[in-house]
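Below you'll find the structures, each written out as structure tokens.
In what follows, subunit A forms one complex with subunit B and a second complex with subunit C.
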Partner chain A sequence: MTTIAASRPAFSLDLWWIPRSIALGLVAFIIFGPLTNLFLWAVTERWYFPHALPLEYGFSYWGRVFSPRGTAMESLTNSILVAFLTVALAMALAVPAGYALARLRLPLRALIMLTFLIPQAFPNLPVYVNIARLFYQFGLNGTVAGVVLVHVTHGLVYAVWIATAAFASIDRELEEAARSIGASPLRTFRDVTLPLAAPGLLASAIFVFLESLDEFTGSYFVGAPDVNTMPLLLYTASAGGNYQIASITAVLLLLPSVGFMLVIERFLKSDVLSKVGH
Partner chain B sequence: MTNDTPNRILGLLLVLPALAVIVLLFVVPLASSVVGAFRVNGGFGFGNFIKSYELYTSDIIFTVVIVSLSTLLIGIFSIAIGGYLVLGENPRAVAILRWLYRWPLFIPFIVVGQVLRTFLAKNGLMNNILIEVGLITPLQATSFLDWRGIVIAFVWKQTPFVALLVSGAMAALDRSTIEAARNLGASRLRILIDIVVPQVATTLMVGLVLSFVTMMSVLSVPLMINAQSPTMITADIAFRINAYGDYGVANALGLISLVASGCVGWFYLRQTLRERA
Partner chain C sequence: MSAEGFLRVEDVVVGYGQLDILKNLSLSIRKGEFVALLGSSGCGKTTLLRTIAGFNKPKSGSILVNGRDVTQQPPDKRGMALVFQSYALWPHMTVAQNIGYGLKLRGMGRAEIASRVEELQILLGLAGLGQRKPAALSGGQRQRVALGRALAIDPEILLLDEPLSNLDARIRLKVRHDISALQKRLGITAIHVTHDREEAMVMADRIVIMDAGNIAQQGTPEEVFNRPASPFVAAFMGAENVVALNGRAGGGKVRIEPSAINAEADLPLNGRTLVDGAYEARFRAEGAQLLADDGTTRPAGDALDLIGRVEAASYPGGTWRHSVRVGDDVLLVDAPHAFGQGEAVRVRIPAENLFIFNSQGRMPGRPQQGSLNEGGAARVLEASHA
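Take a look at the complex of A and B:
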């Protein structure tokens, strides 16, 4: 391959830079254009037609969002509380299930794995509508517990599948070595298996956290208007034409998601990824 | 074998709580939505479907067309991105594209809705930039906040997901056939279409089916970008519940979106089974 490239005249290589740069520039515009617009709105004081850029920049709306008595602060704490509870419950369910699916002989294992995929494989909206109705009878509608349960159901597929892959990627011989020098099964799990699976489990926990933080439809039917989360605040602010508040909320939701996108490869190593779904 | 039975029981006990959550909080409501679609005034019948048909036929067609068009575009763009990542000859351009394309991956739909709502509006940043650059005049500026806005939002958000799956599968391919075709003088486009895409077709289809189902149940994007008629079924379901408390028609519309997703899933399963046979 190198000989072919070297034998080409040099100017033809130079010419290829033009379409290549145009194409990459276009991709960059498509991706970052809308995001730039969002960040501009988040620091805008005044911006109206026909001005191409904001007339005045400032952070007064940020002060309003973070003021202790504002509704935004309430949504922020609600969102974080719900997300942490969701992670705790989902991991408490997923770690034993993932271990069993990876290590123990289970009848109908493939079917059980597929069952966790169901919430991803069917449209969620009709389900949330009926959960809301069901929760209403149990007094769970409009409570933090109700919203957490909905988020857990949706997040379990990530939690269980990634936890299973994390446990499956651990070398069985390490566990057997611990057992052979007299460690109990529980001790082996606590001191050998769990620490080795920790990066993968952390990745699945972050997945569940983000899913919960960003979830809109379930919270809309089960939580609103009593349990306001950030996505609900974003929606009401945007519907009310308050683009600054909506954009600031969007930025707050965006940062953890993008941050995770940039570091995901450190948590999800290829040995774990290759086991996902097996 | 004596060691096996307690092992199995322990395994089932460990899986059971998680399984119970899925069954109680997803499968049961899903079943009750299917049953609810046929429930009319205490009895059973097709009344909800007749009403849905009378009121929302255009929205149902609109939804299926929009989601299918988005799926098609997502497929084309993710093949283009994956193909360039695998076959691109300029390492710097490949690295830039690899860094660029993933940004929307984890951005939530509600944020995508807000971002594009301000970007694509008649006096949004996109038109402002095009006017400043001189590509269009202020009179030519139009709002994209209709079906085009929804398609753009879906494609913008879902392409990175499918492209990530597809490029991963492409990177795992055996390079020798590609190199052989290259040495025989095949163009890169030819190699992509004739050699690479057929080998990653299964992964591509999985990504597209998952995207189709996801887009069928997104409520925030149609609410934020285009809630006027015609709109997507999801917005109609929310409207039926919030305005009328009409669970019958809402469930009927839900079942229609379920059937649409089911058709796509069935088509995919039939295809893979035929390939394996």
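Take a look at the complex of A and C:
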């Protein structure tokens, strides 16, 4: 082996690196170009047209965003409150539903799972307009409860699908083993099923959290102008041409997303993923 | 049913939808008895075990433990423990937690659990492994943890669902012995499901052979081995050689008529119920002798001679195994020394090693066993794979 390797020329002119590096560069630009722009705007004081880079850097806009009088703090608190409530409610529904679905016969399960998907098949806008009209009658418009409900309907499909997959990947005999030596069904669920499903359920909760944090259309129709969330702030800021405020908001939205994605990537194992949607 | 039946299964029917897996099955097991449920896959043995454990609900019939009807009770209220074929150890708990879980459920104190778990670990040769997770154990160790978890709760009845089938052959022999020794020592009533004939023979006090949701025969290992009640049981217990004979029964004897493949013989009936007509005779390769054909018309003593020709010989160890063509059939016969290919031979089967049954074709009274008749070759294959 060594003699063969040694007899080869030390340098071989491989021209393939040119198209390869161009392709890689393009991909990198498509992914990181807008992000770089976003981060630049977040730390810009002054930047106008002919200049490729900002003229002046600084954090004065961050001060404005986080000032007690600014709307950003209120939006941030609203967003996080809504997201946590959404996760709590969605998981309270998704855990029992997911468990029941996971233990159901397959054809029936597939049908019910598909039903959960149907709301996603309709265009968002008309659905939310109608929800807003309905919520108005119940006095839910402009309340945190109303926004949470909209976010739950939106996030539930992910929550149920992932929870179902998490439960389905648990071998039934593990539960039967507990039952056979004297555990009640509830005790079995607490001591065996839930701990084993926990990584999948955590991933499911994070998905719902991120969906809630990013959700715009429903929040706009049901929440605005009384309940302002981060995406709504982002919208008003960028519509008003205030790119600094919009970019800072976007960065704030981006951070939990990236963080949680890393957590999901670590916890969501392939045996759970393979069962999503089945 | 006898009053001494500690666990009684009475007229149980279990099925999914229209399909019945167990058909009016009854079984009575004494306290402290080790019973093996033996059968090929799909015969309903695991279904019966899961029904006893409470994971399958019977459509009709009942299950009684010590006179108490447990048919409607959930698995956790039955005082039994099931050891699964897959072991089903909880991956998020350590060995000690797995074994101690049943005790924790019973509200036992922490220190008490720890000492009991320690005791079991020593008993099962798992000392020092208490803090490991199941994933860090070998197959044999996992099997013993599963056994320890079941034994920890002092079950009245221990149910074993092919717990040895995932172990490699050498460990299996040892664990086989360990389990039956432990069962005798602790005096537990045990039901062991297996498809391995030898395993059942070695471990059990009584063997229950199942076929298509019914009990084909039950008895001590010696009984089912030496006095199979049906061609199915004979084949399952290793009597894979089949020949068709004709004869007449009477006066405590059965007279086998001579034909192209066999000499005339008078064999004692030994309590068998045979009628005149066509017979199906079965025997094991090791139950027959191979002799050079000397042209005699009657064998000496109570034995049947078949006339054939050696087709091939091989040496699996111990004795030579010959395939002998007798008429249209090929039989396997063992002999201490090899016969040459093409040699004319006699296969001499002593009466006690020959299992004779009336051919089902002539027995209109037993239609449900018609499936047993579909060619000896398929039967031989199934038995040798089981």
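In this text, the second predicted complex is superposed on the first by the 255 of 278 C-alpha atoms of A that agree within 3 Å, B and C clash if a C-alpha of one lies under 4 Å from a C-alpha of the other, contacts with A are read in each partner's own complex, and residues count from 1 in each chain.
As a working rule, a residue touches a chain if its C-beta (ideal position, glycine included) is under 8 Å from a C-beta of that chain, and two chains touch if they have at least 3 such contacts.
Bear in mind that the values here come from a model prediction, so they are computed numbers and not experimental data.
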Query raised in the report: With both structures lined up on subunit A, is it a clash or a fit for subunit B and subunit C?
Result: fit
Query raised in the report: Which partner does A:D191 reach: the first (subunit B), the second (subunit C), both, or neither?
Result: second
Query - Touched partner set for A:A246, first subunit B, second subunit C, both or neither - result: first
Requested in this report: Between subunit B and subunit C, point out the one touching more subunit A residues.
Outcome: B
Report task. Give the angle at the C-alpha centre of subunit A formed by the C-alpha centres of subunit B and subunit C in the superposed arrangement, rounded to the nearest 10 degrees. Result -> 100
Query raised in the report: Which partner does A:A178 contact after superposing on A: first (subunit B), second (subunit C), both, neither?
Result: second
Report task. For A:P225, decide between first (touching subunit B), second (touching subunit C), both and neither. Result -> neither
Report task. Have a look at where A:L24 lands relative to subunit B and subunit C in the superposition and call it first, second, both or neither. Result -> first
Report summary line: After fitting on chain A, the minimum C-alpha spacing between subunit B and subunit C in angstrom comes out at 6
Report task. Jot down the residues of subunit A that show up as touching in both complexes, subunit B in one and subunit C in the other. Result -> none
**Report entry** Residue numbers on subunit B that touch subunit A, as the complex places them
**Finding:** 4, 7-8, 10-12, 14-15, 17-19, 21-23, 25-30, 32-33, 36, 89-90, 93, 96-97, 100-111, 113-119, 123-126, 128-129, 131-132, 138, 156, 179, 182, 210, 213-214, 216-220, 223-224, 234, 237-238, 241, 247, 250-251, 253-255, 257-258, 261, 265
Report summary line: subunit C residues touching subunit A in their complex are 53-55, 74-76, 80-82, 84, 86, 88-92, 101-102, 105-106, 146, 149-150, 152-153, 155, 159
Report summary line: Residue set of subunit A touching subunit B in the complex reads 1, 5, 16, 20, 24, 27-28, 30-38, 40-41, 49-50, 52-53, 93-94, 96-97, 99-101, 104-107, 112, 115-116, 118-131, 133-134, 149-150, 152-153, 156, 160, 210, 213-214, 216-217, 220-221, 231, 234-235, 238-239, 243, 246-247, 250, 253-254, 257-258, 260-261
Query raised in the report: Once bound in the complex, which stretches of subunit A touch subunit C?
Result: 171, 173-174, 176-185, 187, 191-192, 195-196
